[in-house]
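The same subunit A turns up in both complexes below, where it pairs with subunit B and then with subunit C.
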Partner chain A sequence: MSVETSDVRLERYDLSTAPFGAMVGIGRAALIVVPLILWELCSRFGLINGFLFPPPSMILYKLWVQSGPIGNPPYAIWWHVAYSMLRLLSGITLAVGIGTLIGVALGMSRRARLVFQPIISILMPVPTLAWTPVLLLLIGIDNRTTILVVFLAAVFEMIYIVASGIEMMNVKMLWVAQSMGATRWQIFWRVIIPGIFPYLITGTRLGTGYAWRALIAAEMLAASSYGLGFMIYDASEYMNMDVIYGGVMLIAVLGYVLENVLIGKIEAATTEKWGVLNER
Partner chain B sequence: MSVDTARILPLRNGAGTNPKIVAKNIQKYFGNVLAMEDISCSINEREFVAIIGPSGCGKSTFLYLIAGFEKASHGELLINNVPITGPGPDRGIVFQEFVLFPWLTVLRNVTLGLDIKGVQRQEAEERARKWIRLTGLSGFEDAYPSTLSGGMKQRVAIARALTYDPEVLLLDEPFGALDVQTKNYMIQDLQNLWLEANRTIVMITHSVSEAVQLADRVLVLSSRPSRIIADVAIKLPHPRDLRDPLLRRHEDEITAILSAEVDKAMSLERQASAKAERRGS
Partner chain C sequence: MPNATLSEPAAAFANEQRPRSMVYRATASVVVFALPIIAFLLIWEVAVRLGWVDATILPPPSTIVRRGWVLLNPSDLGQSILLAHIGVSLWRALISFALAAVLAIPLGFFLGLNKTAYLIVSPLLSLLLPLPAVAWTPIFLVSFGQGDLTIVAVCFLGAFFPILYSTIQGVRGIGRHSLWVVRSMGAGWFDIFRRVLLPGALPTLISGLKLGMAHSWRTLVAAEMLAALSHGLGFMIFAARSYMDVSTMFVGIVCLAVIGLLIERAVFGSLEAVTIRRWHGTGKLGSNR
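Up next is the complex of A and B:
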């Protein structure tokens, strides 16, 4: 791993070369803005069912009202987002921590790999939502259930990617540290963790994506008062279409911010600065 | 890299007579491929030993055995009369492929050995900067390895091994990626270091002139499975002039041994593959 790529990574940079880059930017924005305008107009002029498809401006207005003091409950959107984020971040933190430990253990030991590979391969494709009823029975409607769903959605990807990251690591890096007298602890923090960092980022990115989707679904089943999934579910009971669409938009935007902006920032500060390739 | 450090030092303190590293009948298999047949040698304290041999004969492997990264299949390998059981900070290595840490800047790569030891940041940086300067890397302290050329990476690897000051330096073709001029400076610096610091150095090289210029002894390995086919002592004062006829004699002698060995190995290999071809057709 850690392929040095100062000259290989062309396609990541050609986006920013103006004026081509500017055109791509305009195209990207247009693909989002134009359909929204069409939707707005069709809905306003009665070309489509205004109840099933309320105009985007109404949806945004609803989001605005619901985020303010006259929302029901006051500042509702903030609470829903905060609860979802809290669950997501707790679950992801657990998944990254535990997944990394297990992944490193598997990556370092051929025997452990032989023993655990099959069970992980069997569990990995199980949709996380399939666990939700079990967790509901075991734990009940509680934050712990949704956090566990997030954990399960992300942890297998994490284990898998970290273990393959270790396998790809140049064993001579460990040798260098050992010949400097490094302890196991120092080797773990100073060599293994930074050495698999590209894989950690990729695992976290993919895991966050899976977990975000699973969380929203799980909140529909297993949240009692807050969370974006709950908000949508609750709104569907009262046929509040604008809240439903608002929820979907928020989920999309937050998912994008999490996966690309937040993790992108970490990436820029680490692997991109070091000039090592991120596995994608 | 200071030219003026090339002082006229007639004879160094001289290699000690205490054996530092002793190899007895080392044999090394990779699976069922025999890489080393029988290596026995003794390297004294403060001795500079160069190892030379055909490509793929097991030179790097021998260094990894001394470093403790790999285990010999048979035989005994001692350091300070104690069997080598694993890597340790008494032996520093410069890999043929450098093996820098891409997430650390040049300075942090070089201080790593001291950081691991728990040496104060400031002292570690001071000692690192000395070697960064001597390897001609000043101004690149904050660069990441991915932005360096091959030769610069190699110099970082050399600086990294020298900074934490191990008793034994294991160098695997340490000048392989350098141009002749830079190499000459580095050779001089390595020589001065070793004259001052009294380290034991085992250096692998493909260059006979490099070997005779630097080493007290040159070990010539046969092609795989390897044995030691010559052990040439070079008893000339340092610094050595490559035009010195005595040095030239050693150079010619070793070159002759080496090319005879390569010729033999190549003709054997050709015969074997010709035989295999005949059998195949």
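Up next is the complex of A and C:
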């Protein structure tokens, strides 16, 4: 995602602090439960196409069977989730590492910025998934292709945020460290890394959002055996609607957990430790 | 007068000096920006020519440009393959974006103003917001089959949630006080909407629209790869894979990037400039606070 479009932060909805009236609670439950019950009944009694809309109970049952030892292959759901998470994690780790390095280089050195900023700014607007066919030819249907797509989806955000984080840093901190005789190495670890840490976390959160979207699409296009994206796309070839719906539900829940619970925990822990508040 | 003859060319010189230095500075910044890109392309070209990189996998930029020229078919633009692909892609992206905006903005205003409704819907929204729009593709593929309907539906979902979310945020960001003040002075609902809600929510709303268009454009590529029958840039790129036609793939990638950038900068940049400058004076986002 490019810089200009990312300024609307996908903030977390604060569920816990919201004034929780009885009506709101009932409304929330009803909004999820009532459509599900209606769907179930309509599907059971043949009011809607039972093939296109299998009843939710069947979908959950299918998920249950597929995640057990009698699934095909056994414990299939767990494998799909594990593969997806592995790809996501490797891609993000790569993006955070390389993105931070390039971002620090761009933020610290005027020369590096002059050379690399134009190249980055022409690569950034390319939709990440457009690289998939090229990578497919280059590498083939392989984990490396999906991991690289995830990497590409997250890395530009990291570079941009880290570079602008360094630009925002107070130059006086560098002067103080230098005047007290800190080496370059010490300045890097003691001044710059703690200084950009909040930005690093923000970048990771935004990058994870983009990476998750890219991962699912990349798995549909470029995975051969496992992964949630592969699971639902493969199911559409065999018209297994219950697997597709189950997969979409799983993707929604996992996305929610990733974006809100996991990243939120990391954010809370780090901001507490470093004593800096994340700008929102 | 000797004085006048002296000062005239001096004044002319001073007048000329200023624009020239501005032009000079503009060209210099363009050159500084373009130089690394040209160097990058040159290194790529040379690396391929010298055989360090396999030309069938990574064709040199000159081959890509030539391929783009052939696809564009400038002698007969009516029969241009590239323009046909671009046209179909743009049409799909714009239709789904327009649909999303028309549905999401009123809903966003409603949810932004009605706190109870917002609280009830928010768990569902936070579940649907991080869900990748592409994940709906298999459902639509089975229901509608391959074709425009599936692609437009997926892009619609890609654009809908960002627009909805930022409309809600924009409306909720407006201070209650300004609403109360205008209402106490006897403004009707239409006046409140036109003079308070719309201008107040606009900066966030426009960045939401921008984000929605970007999502729609990015989702389009994936949806076209998965579900297009005959046309579209995503289809062109993915079909070229079967023929190992890498230069066509790169032509498509360049087109996608350029069009995405044009939409973002030209269309939304000018929209932002016009509306926000008109309502907020300074032309800066967030100056209404």
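Here is the rule we use: the second predicted complex is superposed on the first by the 226 of 280 C-alpha atoms of A that agree within 3 Å, B and C clash if a C-alpha of one lies under 4 Å from a C-alpha of the other, contacts with A are read in each partner's own complex, and residues count from 1 in each chain.
Just so it is clear, contacts are C-beta pairs under 8 Å (C-beta built on N, C-alpha and C of every residue); 3 or more make two chains touch, one makes a residue touch a chain.
Please read these numbers as outputs of a predicted model, since none were measured by experiment.
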item	value
First, second, both or neither for A:39, with subunit B first and subunit C second	neither
Partner chain(s) touched by A:230 [first = subunit B, second = subunit C, both, neither]	neither
First, second, both or neither for A:83, with subunit B first and subunit C second	neither
Comparing the two partners subunit B and subunit C, which touches a greater set of residues in subunit A	C
Contacts of A:156 with subunit B and subunit C, given as first, second, both or neither	neither
Partner chain in contact with A:248 - subunit B first, subunit C second, else both or neither	second
Which superposed partner A:199 touches (first subunit B, second subunit C, both, neither)	neither
Contact residues of subunit A, present in both the subunit B and the subunit C interface	2, 4-6
Complex contact set, residues of subunit A against subunit C	1-2, 4-8, 10-13, 15, 18-19, 21, 23-24, 27-28, 31-32, 52, 114-119, 122, 125-134, 136-138, 209, 212-213, 216-217, 220-221, 229, 232-233, 235-236, 239, 241, 244-245, 247-248, 251-253, 255-256, 258-260
Subunit B-touching residues of subunit A, taken from the complex the two chains share	2, 4-6, 170, 172-173, 175-182, 186, 190-191, 194-195, 197, 270, 273-276
Contact set on subunit C toward subunit A in their complex	32-37, 40, 57-58, 116, 119-139, 141-143, 162, 165-166, 169, 204, 207-208, 210-211, 214, 217-218, 221-222, 225-226, 234, 237-238, 240-241, 244, 246, 249-250, 252-253, 256-258, 260-261, 264-265, 285
Interfacial residue positions of subunit B with respect to subunit A in the complex	64, 67-69, 86-89, 91-93, 95, 97, 99, 101-104, 112-113, 115-117, 144-147, 160, 164, 166
